[in-house]
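Naming follows writing order (A, B, C and D), and every chain is counted from residue 1.
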Amino acid sequence: MPLPTSIASEQEEPDYLKIFMQIIKKLEKVKNHGNVAGYIPELSRVNPDKFGVHLTTVQKHHHFFGDSDERFSIQSIAKVLSLTMAYNLMGESLWSRVGVEPAGTSFNSLIQLENDRGIPRNPLLNAGAMVICDVLFTLLKDPQQEFLQMLRNLSGNPTLNFCSRIAQSEKATGYKNAALINLMKSFSNIKNDIQTVLDFYFNLCSVEMTCQELARTFLFLANNGIDPYSDNRILSSSKSKRVNAIMQLCGFYDEAGEFSFKVGLPGKSGVGGGIVAVHPGKYSIAVWSPRLNQKGNSYKGMAFLEKLTTLTRSSIF
Amino acid sequence: MPLPTSIASEQEEPDYLKIFMQIIKKLEKVKNHGNVAGYIPELSRVNPDKFGVHLTTVQKHHHFFGDSDERFSIQSIAKVLSLTMAYNLMGESLWSRVGVEPAGTSFNSLIQLENDRGIPRNPLLNAGAMVICDVLFTLLKDPQQEFLQMLRNLSGNPTLNFCSRIAQSEKATGYKNAALINLMKSFSNIKNDIQTVLDFYFNLCSVEMTCQELARTFLFLANNGIDPYSDNRILSSSKSKRVNAIMQLCGFYDEAGEFSFKVGLPGKSGVGGGIVAVHPGKYSIAVWSPRLNQKGNSYKGMAFLEKLTTLTRSSIF
Amino acid sequence: MPLPTSIASEQEEPDYLKIFMQIIKKLEKVKNHGNVAGYIPELSRVNPDKFGVHLTTVQKHHHFFGDSDERFSIQSIAKVLSLTMAYNLMGESLWSRVGVEPAGTSFNSLIQLENDRGIPRNPLLNAGAMVICDVLFTLLKDPQQEFLQMLRNLSGNPTLNFCSRIAQSEKATGYKNAALINLMKSFSNIKNDIQTVLDFYFNLCSVEMTCQELARTFLFLANNGIDPYSDNRILSSSKSKRVNAIMQLCGFYDEAGEFSFKVGLPGKSGVGGGIVAVHPGKYSIAVWSPRLNQKGNSYKGMAFLEKLTTLTRSSIF
Amino acid sequence: MPLPTSIASEQEEPDYLKIFMQIIKKLEKVKNHGNVAGYIPELSRVNPDKFGVHLTTVQKHHHFFGDSDERFSIQSIAKVLSLTMAYNLMGESLWSRVGVEPAGTSFNSLIQLENDRGIPRNPLLNAGAMVICDVLFTLLKDPQQEFLQMLRNLSGNPTLNFCSRIAQSEKATGYKNAALINLMKSFSNIKNDIQTVLDFYFNLCSVEMTCQELARTFLFLANNGIDPYSDNRILSSSKSKRVNAIMQLCGFYDEAGEFSFKVGLPGKSGVGGGIVAVHPGKYSIAVWSPRLNQKGNSYKGMAFLEKLTTLTRSSIF
């Protein structure tokens, strides 16, 4: 792996490069537990020992290390971006369709959905993200194209696209997601055609990005809703804070408490092994390490972030 | 009600007094929904229209309004303080006895406890707080006295005491709590005598304090674990952050997401109508309004805090 | 309504006709509660005050009353017949795919299915009946045709057929059933194509029959597995008893206890308002009254059968 | 073990002795799986290889084998007798306090109780049996003495008594039962003092009886509610049938379906390894074998009864 590199730094900023090196040394001694997600071939074929990290400050300074320029499947991380689109378009009335409470059960569970008559507890659960897709289909002519456009603008990479190979694979094995969306439809909380909404959902999660692109994409959430690269307002300040609050409470499936407790930043993980976290007012960071712990979150990614916020004392708490 | 009063202010500080006045004007137009907790006479007899707020900055500046000097039953707010004691004494091994995840169900639920073999999801649930009491009985000779001493030191009021009238009332009707602790004992997650632990638990929640005392008591959590009045370290910096993280995810029963989403501060509520919230690095605040919403949290207290963090842009997100 | 009619009677037999009259007199005084199933137009359009009953003894004596020659949608009653086919073909290995325990929750619940990793608790639940359809598709070339053939043979009516209008309607609104089958597929407990199995399932429940036809069709379960009309063995004696046991424990959704308690016969109901019950060694009986109680079983049908077994002392207990 | 003995026999009766011998030969080849209940010393100390069976016909003929004269702890079997008392005294209004539906979950579960606001699903669950005890305390001056009197009359053994050693042991470890009764009290479905009711409950289950005594005690349920020894009516015919229906659907914890399916008789098991079953109109039978299967029912006892009803074709279905 190449040495850590720092493109820019300021006096107030911690020496992130040095801190990255310290953490990596410590982590080398720790066995990298867990397994790569294996339910579709596209994820299981990834080299399990890949590791990349990229931190971008709101001043647009960059600090990165390892395989930070390699693409991986962002999976559920994409749910924050579709939520951003829907929340921006629909405002607070969105919350009649989906809640903002942590799930308290495993990320696919149908139990809650049945008890709450088809209203998912939050938009970062699979079921909740499908409701968001459904909302976008009601509000927009071509939500898939608009989603891609937003992603390209925020990441600075105009070639980003859905990965049909991954989307196809997910679809072919996505019986649990089909169960979830049918159950919600039975409670009338899906308004559009099930297959159309599911296709969008699988496309959404199929995008492949690098740590660098992810960190830049999420920077607006560290900057009160404004993308520092374009100075475009993506979300109002208040909505930006609220999306962060949702990530804090719901971003890690059944391990949101653990992540808050140990890392202390709003964030979102994906089964591709990526984690994005945001320090409001300071930076956004993306880590990638494909081995997952038992709860489905990147083992080494969580460990890295825990040490980072400890050494930089940058937990929001 | 008396006019808002500000004892001290700094240039960087928002004009809290003025902001208080703005919020109170807005809230006057809103109907004060909800009912006072009615399951014991001691709580039901409270004047439902009481309202007090007290904000103390880490610089020890005070801003307050209304019935901020009147005592009320702090109830579940006390659970944060017993957690502080146990966590300080026992360190991270505490988490083998109780989790750090949001509950996802109502605050008394036995379902989760049965599924997880007697391990409560977090220490701010009734069941979790009883485990904390049990831990303190194992570690300390006279945990009740030590708890009082801590409370007196932090609040600056050496006369604080348990209210035996309230504790007695809670005990006489506390069948659900008795069910919870017996269930945990059946899974061997209670080590001491059930009655002894329950007595401590009911005493704990029986303390009556003012908003002023509560804000001061919780100030160490806004100050990296150090009490600014005595300069005593109450918790390590890391542990202080972690207690805040637990409050953020678990402090409002089944409404933690809602509070995070709207207020954006770590906090804890009690069925007496009190809410304490903490802005790390800045202030702690206590609000009191006895009418509760359907989830058991102070209706007006939550509304006040939502407007406060909106107007001062002081959500941690 | 025409007067009750009795085609044949024996000395040992109770005077069923007279008893029918007594019961009908009593029921006239009782308000006929409940509503016709309304989730598809084909069911909701039925005249709610229809009432028919037909009892056939193992000696092939017939006793009937009211609209016993009118066709109605047999719905879930069909599940006993598909179970009979699958059990006969597959023997006891069938029970690795579906259980024999009462559900303990409402008839569509996904909770149990998720907890038990895709194994439905019994073959009379929607989910269990779909597994049975799946089994038949694995074992037979043309299960739909063979099912119809069995039905025609047993009922003595060679014109019985699926009702495509009803099947189509069910399919168009059957999101909960689609959720159930997708969930089971995600646990690999559905082996064939989901759509194919669902089509069979909806066809199965779409058949329309008269009380007379139903009573005759189920007579083999009152006769140790042998159809008295053809002397054909439909099931072994042991398997016939076991199907009756399953009906006894699982035939009435969340009201199996109530039916056993009050009626004391193995039976199966359908949301079309039909109920079939079997007295082993004596008779089978079909009742039809479209108004359903809150648990989805025919209100008047249950009341009729309760009075019948009380007056004839013919509960199996 | 002594040879099987038959005191009397009639021509219509199967040769039970011979059948017993056949079954025992078959069972000898089968490994006796399972373990003796170990949660209290009094149960764990029993010789796991004990085996006894006693069948009594309504004509008072006796057929027995093995350790049928040895006392063992009847445990939950007693719940049928307390139910009989309460139902006889209170009639159908009893069912506002406890249901008649199978549980669908493990026998101690608190989940159902919480969902149904303190109403147990049936009187043979621990929670349901406690409600029955509570009912008896409301209706009778000295329910414990009256219960003993009933037991002595029915069994023909005037020396039967509670076993304080066992009751004491159960009480000292009965935290889950304490959780259940406290939960029901919190929903106001326990009217008397918790400790008093619990004491009765533990006494109830502590009685030790032989297979011979048990078979005789339950004979009234095979005889339409009349005890053939005294010709006393214990229950009305209708109530007797209904108690049998409840045993059929709820007598074997989470294995009621399995027992109905394989044995086909109403019955009740206890963790002491006893099972009582009733063939209405014919006989009652008690089997004892202390090794329990995973669901807590006697492994060999169930196997014996399955073979008995198969060989005698005496399933009620």
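Heads up, the rule we're going with is that a residue touches a chain if its C-beta (ideal position, glycine included) is under 8 Å from a C-beta of that chain, and two chains touch if they have at least 3 such contacts.
Keep in mind that what you see is a predicted model, and the values were worked out from it rather than measured.
Novice: Please report the minimal path length, in steps, between chain B and chain C on the chain touch graph.
Specialist: 2
Novice: Using the contact definition given at the top, which chains are in touch with both chain C and chain D?
Specialist: Neighbours common to chain C and chain D are absent.
Novice: Regarding the chain A and chain C pair, does the interface count as same (over half of residue numbers shared) or different (under half shared)?
Specialist: Mostly same residues: over half of the interface numbers shared.
Novice: Averaging only over C-alpha atoms, locate the centres of chain A and chain B and give their separation in whole Å.
Specialist: Distance between chain centres: 32 Å.
Novice: Using mean CA coordinates as chain centres, what's the chain A-chain D distance in Å?
Specialist: That pair's centroid distance is 56 Å.
Novice: So how far apart, in whole Å, are chain B and chain D when each is placed at the average of its C-alpha atoms?
Specialist: Their C-alpha centroids are separated by 49 Å.
Novice: Two or more other chains touching the same residue: where does that happen in chain B?
Specialist: none
Novice: Any two chains that touch count here, so list every such pair.
Specialist: Every pair of chains meeting the touch criterion: A-B, A-C, B-D, C-D.
Novice: Tell me, which parts of chain A touch chain B in their complex?
Specialist: Its residues touching chain B are 99-105, 112, 121-122, 237-238, 240-242, 244-246, 248-250, 254-258, 260-262, 264, 266, 280, 310, 313, 315-317.
Novice: Which residues of chain B touch chain D in their complex?
Specialist: 109-111, 114, 175-176, 178-180, 182-183, 185-186, 194
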